[in-house]
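In what follows, subunit A forms one complex with subunit B and a second complex with subunit C.
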Partner chain A sequence: MSMSDKYFAGLDMGSAFTKAVVTCNKKMMASAVSPSGGNYLNAARRVLDESLSQAGIGFENLAGIVATGLGAGNCAFEARKVSDLSCQAMGCFCLFPSARTIIDIGGQFTKAARINPEGRLLDFLISEKCATGSGRFLQIIARILQINIEDIGPLSLKSQTPVEFSTNCAVFAESEAISRIAEGAAKEDILAGVHRAMASKVSMLVKRLKMEPDIVMSGGSSQDAGLVATVAQAVGMEILVPEKPMITAALGAACLAEDEPDI
Partner chain B sequence: MSAVPQIEEFYTQRGKRARQLRDAGQKVVGYFCCFVPDEIIAAFDMVPYRIQGCPSEPIDRADAYIEPMACPFARSCLNMAVKGDYDFLDGFVAPHSCDTIERMYSIWHHNTPAAFNHFLNVPHMMGPSSDTFYRKELEFFIKALENWSGRTLDQEKLKETVKLYNRRRARLRELYALRKPDPPLISGVEITELMVAGMGIPACEHIELIDNMIAEVVKRPKPKHQKLPRIFIWGNEIDDTAFIRLVEDSGSYVVMDDLCTGSRIFWDDVPETDDPLDGIVSRYLHINCPRSYIPAAGNREEDLQNRFGHIGDFVKQWRADGVILYIIRYCDTCELDGPDLREHLNAMGIPVIMIEDDYSISTIGQLRTRIQAFLEMII
Partner chain C sequence: MEEREPAKTTATKGTDAARKIRAMVKNIYKSCHEAQSQGKKVAYIMVSSQYDEILRAMDIVPLPTENYAGLCAAKRDMDRFLTKAEEDGYSQVLCSYARIGLGFDSLRKELGGMPENAPDGGMPLPDIILGSSGVCDPRFKWFQACGRFMTAPTYSIDVMHPPVHCDLNAVRDHYVQYQKVQFEGLIAFLEKQTGKPLNKDRLWETIRLGDEAWRLWYESDRLRTAKPCVMPSQDHFNVMVPAYYYSGTQEAVDYFQDLVDEVKYKVENKLAVVPDEKYRILYGGGLPPWHTMWFFNYFESFGAVFVIENQYRGFDPVEVPDHVKDPVEYLAWRAFLRYTARHEQAKANSGNPVVEKILDLIQDYDIDGVFFHACRSCRATTIGQIHTKNMLGRYSDLPMTQFVSDMVDLRDYSEAQWKAQIHAFLDAMASRKK
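On to the complex of A and B.
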């Protein structure tokens, strides 16, 4: 790393987690994730400090910061604010230059976007105030099944006869899941059924957007291999998943800071 | 004196002017939507008052009378009525603009009866027989007003009122022309305030307000040139500035609209015919609102042009870079027109975003991400 290299940071202050990425020449140098926990300000400081120390630099070495996510307004540093859709698009594009459609299943909303060959947004759709298509649905079901969120994917892949959910509402699906448990349905079948319900919501969003390959899925929920496989089946296309799907928007934010470094 | 403080006063203290006029002896007639020819009410020397909701107040009383999955604008209006905010209305008129307003008519006048209550049937099909039907309905409406007031409608007075209202329409078109330059000379927020202010005051007072505002705007120092996207807004009722402010504060100019609180209520004049009802019928029945069905014409492309051509023309003339379809939740007619309108505008190369909202300023913030991403997309 020569002295002339410039460092940039991207902060994604999401409803569930706050993430930071430090880049240099659009390569990821360091990253950190922490629960937002009701205090975006502290979480942002924590993840930024952590990623800066991983990268072995100080705050003064940063040539630019872009903040994004629901909590971006709480950012204490001088940072340009960019919508999380633009950041997510750029982050996925940096990792997969072939990406043309992005699916982001976040804690609050599901977003689908089409991007051009430069990683810029062409069009997008966001699920409207509905938990069925969001990561929150998985959290609800994991809670009533008393399993860890990380175990959902591997467990669901064992399912032979997925439970059919008759409703498209996460709240009603919760009571439906409880009824199925009472009837003796296996945990893996309930989870696979939840994935199907989510995938049908997500694929509707993507199809309405007139998706094009390659499709990249990001956001915390894409760590759930069972969900990714079900969505891929529903849209009828292979889905690419980043190695660290939670930090793609923060990575995109840092890359956008590099594109327009002057704050 | 600047026109702005007076506009703000009428905007924030809605109903105040109507109450004053009522105290001075005039009757105030509240009505919904843009399908009630308010010049008829004014020709009886009564004050027409366009009923608005209040998105900054929670709907805490209306749910006892109306299902919560109904249009939140209609529920908000009923909420105000139940609380007594509309106790200054001597008359209440609901047109069959949409099914919600139609059913609301009986709920409203049963629970908060005015001295005069009238339901105006407005055909949904735009065809030749509809003109005859609507004309008859207006005759019933006039008869009902005559019976209630004990006066006969003076045809000459109606003609004069039509002229007066056309003068207001011309002034509003002049006002909207100030949005054509880049940057526009007047903001979308200022326009919204001036439109809402006019809904509860006599037309002649509104004209004065518009004239003062135009005179003031053209004298203001030219706005600094900033290259920001120019936005067109399509939808239904926007009687609060919160959403427009969000769109403009996110880095854009709101330059034109097709809203029932905007261009839709004033764009076309009422033809000044020998029998004033002829002109009124032809103007009011052919308002381009998604609640009306325009008979299909030609192939798909021609049909879309027939339905949405006027919107495309607005977008071109006001050089809009993007269109926001802003729909109050559960407005089926808007939601069903949305995809076709999007197709028509996309074919013109105009990016479109469709947003559904709750008619509550507490949910406006949630739309910020969407608006920002849309503006970033069209820069």
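On to the complex of A and C.
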């Protein structure tokens, strides 16, 4: 750590997970993720302490913090609030400067945005009030299939005959999945069917936005390789995925803390 | 800037004129009850049916059922009517104005009287029901369904909607004649119901008053091009009340004269809605969310003001030719000129009159972003929004956004989602300004 280095933190306080990133000259120095667990305040403290510790600096070394996400209003630190879409856009842009379209499948909503060559928001759409287009849908199905979230992607890619869901409602899809299990459908086919249902919603949103390449998918759901592949097929374009897709909004927040004192 | 947490559903207004509207709304329903006690006919009506001046000339008191639905939503007293309609079998995807109206009528019939604490005293049973095809199909299907709950005679007229890519010179006479016949049928029906013939001198007078009120409304909107904004959109969504529900009366003319005077004064003295106006937003279309009108103030707390609308004041003043000497023919001509006002401009440019209008507004009002409201149960104002938005994108690089909820059904609204979207929209406007 040099005396002239300035450090910045980004906090993404989402409905499911809270994430922190520490940057210096827009390079990621450290990151941490923790379940929000209904207590944004504690989760934010936890992830910020952990990432500061990883970076080997103290809170007093931070030159600025930007907070984003549903829980940003509960942040106990002196932090500027920026919309999560702006943070996602900047985070994805920092990782992929060629990015022009962003897809973020979060715990509650799916968001699609077009960004300019500086990583700024141009246009965006947010999914309607429906769980089928959100990451929650995957969590519901994983629970009834009794599999871990991280196993969904690899398992779904083995599917040969994806189940066709006849409903657009996550609650009814849950009972439909139970019926398919009872009928002997394979788990991978059920998961692939879920991906198709989600991809249909996501691609509709992205196409409405008049997408442009490159497309980057962020958010926890983009760790699911099966979902990424199905969405790519639905939109007809390759999709880039960050190495740590859960922390892109926090990274963008930290970058915005560096270069935008007053958004 | 600090976030201001609102505690009410309605919005804080910017003008004294808008603050007078609440009393005018109350008076709509009060005057209906009074009219019936005086032996006058009260009619369920639909706005934008082009027949307002005929009703006023025939002493028929208009009872706007759609407005009543909006009123129930603003008072957050809509659930009992919505659920009653849904209990009766009306689908949740049907127009929520219609569901509130039908639910209200159903409940009133079931109770044998006015539902307890009905907003503004409730709607009395109408003597006549007057639908139209103007704007959307619930305007006549809803009133057909009213037959389940009442026996009032019903009449619907067709309202023209000439296509854009037609030769106006070739179709004008047909449309004017067709509309005139529609009005004549209505007049014959009303004469039978009231037992009185239409006095055409009286109709000329109500037309003069109607045109003057709408001209003044237009004038007030042109004054709103001034910066900073002195009259925000939440005020507009109030001042539409005298334009639509008092059309053809001196009261409406006086109201809009006061509005023009007030807006002029505020412009001259730069009495801004927000002290530090950062972003000027165009309300690009869709019925407003009557259940959550405070969202306008939420935007304002970040220096963003809705300065003009592509909603409700659907027509600029038109010049009916001098050779038209019959008031019914005048109304037919006026309807034709109103509905084709931007056809030639559209044919020469984008091909879409709505896009043309919005592009004009963007330029005239120096707009920073365009907002659309998709109402899940209003097909008429929602279908085509994305198409319009995409077409606008060919001519403008402004940030545009579409929010989703409903005009009155709160179940289609998500506060967390709206707030997330509001902040993203503000960021998009900020990015463009950098």
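Throughout what follows, the second predicted complex is superposed on the first by the 259 of 263 C-alpha atoms of A that agree within 3 Å, B and C clash if a C-alpha of one lies under 4 Å from a C-alpha of the other, contacts with A are read in each partner's own complex, and residues count from 1 in each chain.
What we mean here is this: a contact is a pair of C-beta atoms (placed from the backbone, for glycine too) under 8 Å apart; a residue touches a chain by one contact, two chains touch by 3 or more.
This structure is a prediction, so every number in the text was calculated from the model and none was measured.
Engineer: Determine, for the superposed arrangement built on subunit A, whether subunit B and subunit C clash or fit.
Structural biologist: Verdict on subunit A: clash between subunit B and subunit C.
Engineer: Taking the superposition on A as described, I'd like to know which of subunit B and subunit C A:K210 touches: first, second, both or neither.
Structural biologist: second
Engineer: Just checking: does A:A76 make contact with subunit B only, subunit C only, both, or neither of them? Give me first, second, both or neither.
Structural biologist: In the superposition, A:A76 touches no partner, neither subunit B nor subunit C.
Engineer: Under the stated touch criterion, which partner chain does A:N116 make contact with: subunit B (first), subunit C (second), both, or neither?
Structural biologist: The answer is second: A:N116 touches subunit C but not subunit B.
Engineer: On subunit A, which partner's contacts cover more residues, subunit B's or subunit C's?
Structural biologist: Counted on subunit A, the partner with more touching residues turns out to be C.
Engineer: Report for A:I178: first if it touches subunit B alone, second if subunit C alone, otherwise both or neither.
Structural biologist: neither
Engineer: Looking at the overlay, does A:I144 come into contact with subunit B only (first), subunit C only (second), both, or neither?
Structural biologist: neither
Engineer: Which residues form the common part of the subunit A surface touched by subunit B and by subunit C?
Structural biologist: Dual-contact residues (subunit A): 70, 81-86, 120-124, 126, 128-129.
Engineer: Within the complex, which stretch of subunit C touches subunit A?
Structural biologist: It comes out as residues 3, 386, 390, 393, 397, 399-402, 404, 412-414, 416-417, 420-421, 423-428, 430-432, 434.
Engineer: Which subunit B residues qualify as touching subunit A in the complex?
Structural biologist: 351, 356, 366, 369-370, 372-374, 376-377
Engineer: Which residues, counting only subunit A, touch subunit B once they are in their complex?
Structural biologist: Interface residues on the subunit A side: 70, 81-86, 120-124, 126, 128-129.
Engineer: For the complex, which residues does subunit A have touching subunit C?
Structural biologist: 70, 73, 81-86, 108-109, 111, 113, 116, 120-126, 128-129, 208, 210, 263
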